[in-house]
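Next come two complexes, and both contain chain A; in the first it sits with chain B, in the second with chain C.
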Partner chain A sequence: MLSRTADNLYWLARYVERAEYLARILEATQRLTALPLAYVGESNEWESAVATAGCANAFYAVFPEANEENVTDFLAFSTDNPSSIRSCFEAARTNARAVRTALTMEMWDAINGTWLELKRYGNGPTSREELSRFLRWVQESSLLFDGSAYRTMLRNDAYSFTRLGVFMERADNTARILDVKYHMLLPAHEHVGGPLDYFQWTAILRSVSALTSYHWVYRESLKPWLIADFLILKEEMPRSLASCYENIVTHLDKIASAYGRQGPSQRLARGIRTRLQNSRMDEIFQTGLHEFIQSFIADNNRIGATVSQQYLT
Partner chain B sequence: MAVAFDEMTGQDGTIRPAYKELSSWLGEVRPDVLDYRRREAELLFRRIGITFAVYGEADSQERLIPFDVIPRIISASEWKLLSRGLEQRVKAINAYIKDIYGKRESLRAGIVPEDLVFQNPVFRPEMNGQKVPHDIYVHIAGIDIVRVDSETFYVLEDNVRTPSGVSYMLENREIMLRLFPELFSRHRIAPVENYPDELLATLQSVAPHSAAAEPSVVLLTPGVYNSAYYEHSFLADKLGIELVEGRDLFVKGEEVFMRTTQGPKRVDVIYRRLDDDFLDPLAFRPDSALGVPGIMSAYQAGNVTLANAVGTGIADDKAVYSYMPEIVKFFLGEEPILKNVPTYRCREEKHLTYVLDNIEQLVVKEVHGSGGYGMLIGPTADKATIAAFKSKLKSQPANFIAQPTLALSTCPTCVDAGIAPRHVDLRPFVLTGKDKVRIVPGGLTRVALKAGSLVVNSSQGGGTKDTWVLDS
Partner chain C sequence: MRIQISHDTIYQYANPPAGVIQILRMTPRNHDGQYVSAWRIDISADCRVDAQEDSFGNLTHTFSVEGPVSELNVHVEGEVDTDDMHGLVRGAIERFPPALFLRETPLTAPDPAIRDFATAAKASAKADTLSILHALLTAVHAELTFDVDPTHAATTAQESFAIKRGVCQDLTHIFIACARSIGIPARYVSGYFFRNDGVVEQNAGHAWAEAFIEGLGWVGFDAANKISTTDAHLRVAIGLDYLSAAPIRGTRYGGGDEALTVRVHVDQAMRQVQG
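For the complex of A and B:
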């Protein structure tokens, strides 16, 4: 298959996944800021939302201050922000159009329909209710696209490249939340936090759609180190770093066996997965949660570059 | 202007045999049903994403070409005549291009004036003495045909560079089959769906000698911003070949390769939908970012086949068009089966005088124009426009040709006020391979949706119809 086609498929999937993540961040932040001050403290949650979205520099180049209006506009609708939800859907559709022949009818329908529908929202909703509907719609659109890819694509290299896009983006997103909120998850907060921490923790879980599943796995009330364990090491949790790398290794192996050749991407990915499999949470806390996450983000970026070099150019 | 010939009701108002069933169906079908289907068709087109871009229109980056649900019908005997004529014409065109880049006998014999060839910007000196596989230059031709009465078809224009529109022929049929199955069961209509197979067979048959047993064929597109991008991706999909852009290809050791996830892969045949000018920045326009540096060297070494060949523009230029009847006679020794529209070459003193004197009855066309741009329709133009055109004519007569305003035939068409006759033309597609010429029975019928309008170009508000060739 053409390298450019693989590249377009990979980015198509990444952009759709990113749009969904941004919608979750906005939703979680909106909930958090709706609580009375006594429950969440003085911290600026909108500032934190910009940081978790990974676009603080770009944001402060346009806006002097992080508040609900500015952040919502920037993360959801801004055309200045190349990673806003709108820009993500635009970019996804551009990528899709460039590789129409590699998409199934259902995938094209999903992304083209989303793009057409996006125009209806114009420059943003006029009310909170409408914004909520919009954020829900973004997540549904992503589910629709992901589902149609899962159910209709041939299981060949094209499929593996779209899956790689999904899981690389997802790993990056989960790591980014951990990077911004790591201090909330340190065992030092063990004093079974006040309500202050509790709502922060639920917000973290909500932004990776893991609030309900946490209870199913641990059957315990929220504990910060368990949340960290859940998001980093639990393979059952579909947005954990371990689960993402399980999938990345699987799909890189499928590509390698289809092409009859292993390469640097496969080796690198297996290395990262092994490290995640052999880690225990108490060790990670001992050597430093923050350092662990930062080195993971660097590794994840490195593998993105390696995949790109090996297959996509 | 004479009253136009209507393909359904003929000259005298009696329903012509090919339209008998359609006419009685149109009498039975309720207007609201027709209208409902019409909207359904539009919805289908938009969902599939069959759009085209109009250059210079800022807001409407992707637009639909209006589709008319009433088919245009051609009888079996009419089609037989047309396809014989088309095959003859394309054969002559191939022989002529070979001659221009080879022995130039037609120039020595005075069939075509030399300056029309050598001073023509589409003439490619790089092609002089260049061999192409099986002497085929034009693998895919789209010949525009108009009809003026029950007997006469004219060739309006030969398109032998990168003709487009075939995706509409195929999609229009698919949509009609979906919307009007009952109408199909009342006719015997020759299928067109084998076009992609015929095209692939044609392209494979002209692979270079150095190609592998199963030659690798690709479609080269200028990219998503090209007005015909939808067609490019549609055809690549139907043919099962890679849709490549210039940046996906590179040249090494006078061979062309594409960048794939498994490393470089050799390319043997390129169905290119990119104009000569942009093909190779090293040979033609140096500012072209769409082409492939060095591709001409691989082409000249005979390691890759370009379809169509480079330099075919010298055969479909509007100035050369008027010499086509002589070209057919000279190369094939036959009388042309399809006539040319009588054409005045303004480069000739005598013709220019006639054109200036009779401009109100004529259509004046720019020699290098296309898409209906740069054209004057005498009978409908106002005085100021005519005066402006006259002065252009006098200062650069060689840039123009003129033709009588033809009463193009009409077909029943759905318009806001109901069903009314509208002018149509026809673009059938002629495929020339090593083994034979293939013409799928049908083509793209374009229709001028405005009452009285003769301009069928999609960039100027024209629509399309499904074209039915009756099997018996």
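For the complex of A and C:
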């Protein structure tokens, strides 16, 4: 396969995953800000939504302040923001078109249909209700694309590159949530157990669609250290860092055995996975949750660069 | 290096026992320089296998077979990618502080002869721990002759040191006894060793020691080969001595006349090359 093709497949999947993640963030924030102030405290949730999306600099270059209208516009519809939902779908569709022959018909229909449908939303919905519908639709479109890829693609290197894109993006997103919200998860948090925490914790779990599965796994009320454990170390949880790395390693191994050689990406990914497997939450808290997440994000960026150097350029 | 393992442990009972219970420490874990890409345990009898972790962080599998069983085969196979870390063991699971590994066990208790030997080795080297351990490694390797006949699984360091003969397990016990007697934490490692002399079929796994050096962490020393561990070593389980790291321990109800065959196949998988 040409590395250009691999690159397109990888980014196609990454952009679709990113759009879904942005929709989740917006939905969780919208829900949180709809609560009375007494429950959620004085913090500006729209600010942290921008931070979690990782585009604070670009945002404040355009808007002076983070509020519902600005943030929704910037994260969902702005053409100035290269990572808005709209830009993501457009970039995904451009990538898809470049490798049209490497995609199955179902995948192409899914992404092209999404792109056409996006036009119907114009410059953004006029009401909150419509925005909710839009965010649902974004998530459904991503599910449709992901499902088509899963059900129809030949299990070869092309498939592995799309999966790689999905899981790299997902690991990045989960780590970003943890990075912005880590202070809510520290055991020594000053007002532990108040309503504020409860709603913040549900919001974190909701943004990775894990509120129900949390209760299945722990059978307990929400505890910040268990939430951190769930999002970082539980391989059963499909958006946890551990699960993403399980998949990244699997697909890098498949690529390696298909091409008959392995290199720095495989070695690096295995190292990160090993560290996640061998860590325990109490040790992570001891050495510092924030430091752990920061070093994970650095590792994750490094592996993104390594994969792109080894395969995509 | 990609190491391929196939390890059969076959028990044949002339007089079938009513039941067998075993605990296996035969599953390697990942750490820096070691990555398990595939691993499988097959037990020839129908039984329930419970996977757990022991106090040292080794993965264990426990099973019990309802008899009568006339033959039992524990088959382990897998593939592991290794990199040469120059003996350093990093990123592994550490459940205990290093000082725990100063503890004496019956198999590794030093006698005056071993103490003197260790002190002499220490005196011959420079003052730093790493040089002392290398001097000890060379001394143990030179002092003992590798011989599979005179010793068995329960031979102690003292017995083996007295006759100056032993297998990798005995050399490792002696190395550990020496290191502990001069105040360096040391532990037993059971695993596999890929031989570069072309011998693929072996009749036992391998064993070596790890010693703790301030500033470096745990470092592997293979007394039987007189080297620090390399990418040819596949690390499976650790313990205070052979008994706490042994691949298989177990017991049986009744029966007798047990014949044990062990076949270990350690090869290099040629499918991939490092790029």
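Here, the second predicted complex is superposed on the first by the 310 of 313 C-alpha atoms of A that agree within 3 Å, B and C clash if a C-alpha of one lies under 4 Å from a C-alpha of the other, contacts with A are read in each partner's own complex, and residues count from 1 in each chain.
Quick note on the criterion: a contact is a pair of C-beta atoms (placed from the backbone, for glycine too) under 8 Å apart; a residue touches a chain by one contact, two chains touch by 3 or more.
Predicted, not measured: the structure shown is a model, and the values here were computed from it.
K.L.:
In the superposed model built on chain A, check whether chain B and chain C fit or clash.
P.N.:
Fit: chain B and chain C sit side by side once superposed on chain A.
K.L.:
Using centres of C-alpha atoms, tell me the angle at chain A that chain B and chain C span after the overlay, to the nearest 10°.
P.N.:
110
K.L.:
So in the superposed three-chain picture, is A:Leu2 touching just chain B, just chain C, both, or none of them (first/second/both/neither)?
P.N.:
After superposition on chain A, A:Leu2 lies in contact with chain B alone.
K.L.:
Is A:Arg267 in contact with chain B, with chain C, with both, or with neither (first, second, both, neither)?
P.N.:
second
K.L.:
Going by the touch definition up top, name the partner, chain B or chain C, that contacts more of chain A.
P.N.:
B
K.L.:
Check the residue A:Arg275 against both partner chains and state whether it touches chain B (first), chain C (second), both, or neither.
P.N.:
A:Arg275 sits against chain C, while chain B stays out of touch.
K.L.:
Quick one: is A:Ser257 in contact with chain B, with chain C, with both, or with neither? Answer first, second, both or neither.
P.N.:
After superposing on A, A:Ser257 lies in contact with chain C but is clear of chain B.
K.L.:
Across all Cα pairs of chain B and chain C, what is the smallest distance in the superposition, given in whole Å?
P.N.:
11
K.L.:
Which residues of chain A are in contact with chain B in one complex and with chain C in the other?
P.N.:
Residues common to the chain A contacts of chain C and of chain B are 261, listed in rising order.
K.L.:
Using the touch rule from the top, collect the residues of chain A that touch chain B in their complex.
P.N.:
1-6, 94, 97-98, 100-101, 108-109, 112, 157, 161, 255, 259, 261, 311-313
K.L.:
Tell me, which parts of chain B touch chain A in their complex?
P.N.:
Residues 47, 49, 223-224, 229, 233, 236-237, 242-245, 247-248, 258-262.
K.L.:
Would you pull the chain C residues touching chain A in the complex into a rising list?
P.N.:
Touching chain A from chain C are residues 29-32, 35, 37, 81, 83, 91-93, 271-275.
K.L.:
For chain A, which residues count as touching chain C in their complex?
P.N.:
Residues 253, 256-257, 260-263, 267, 270-271, 273-275, 277-278 of chain A touch chain C in their complex.
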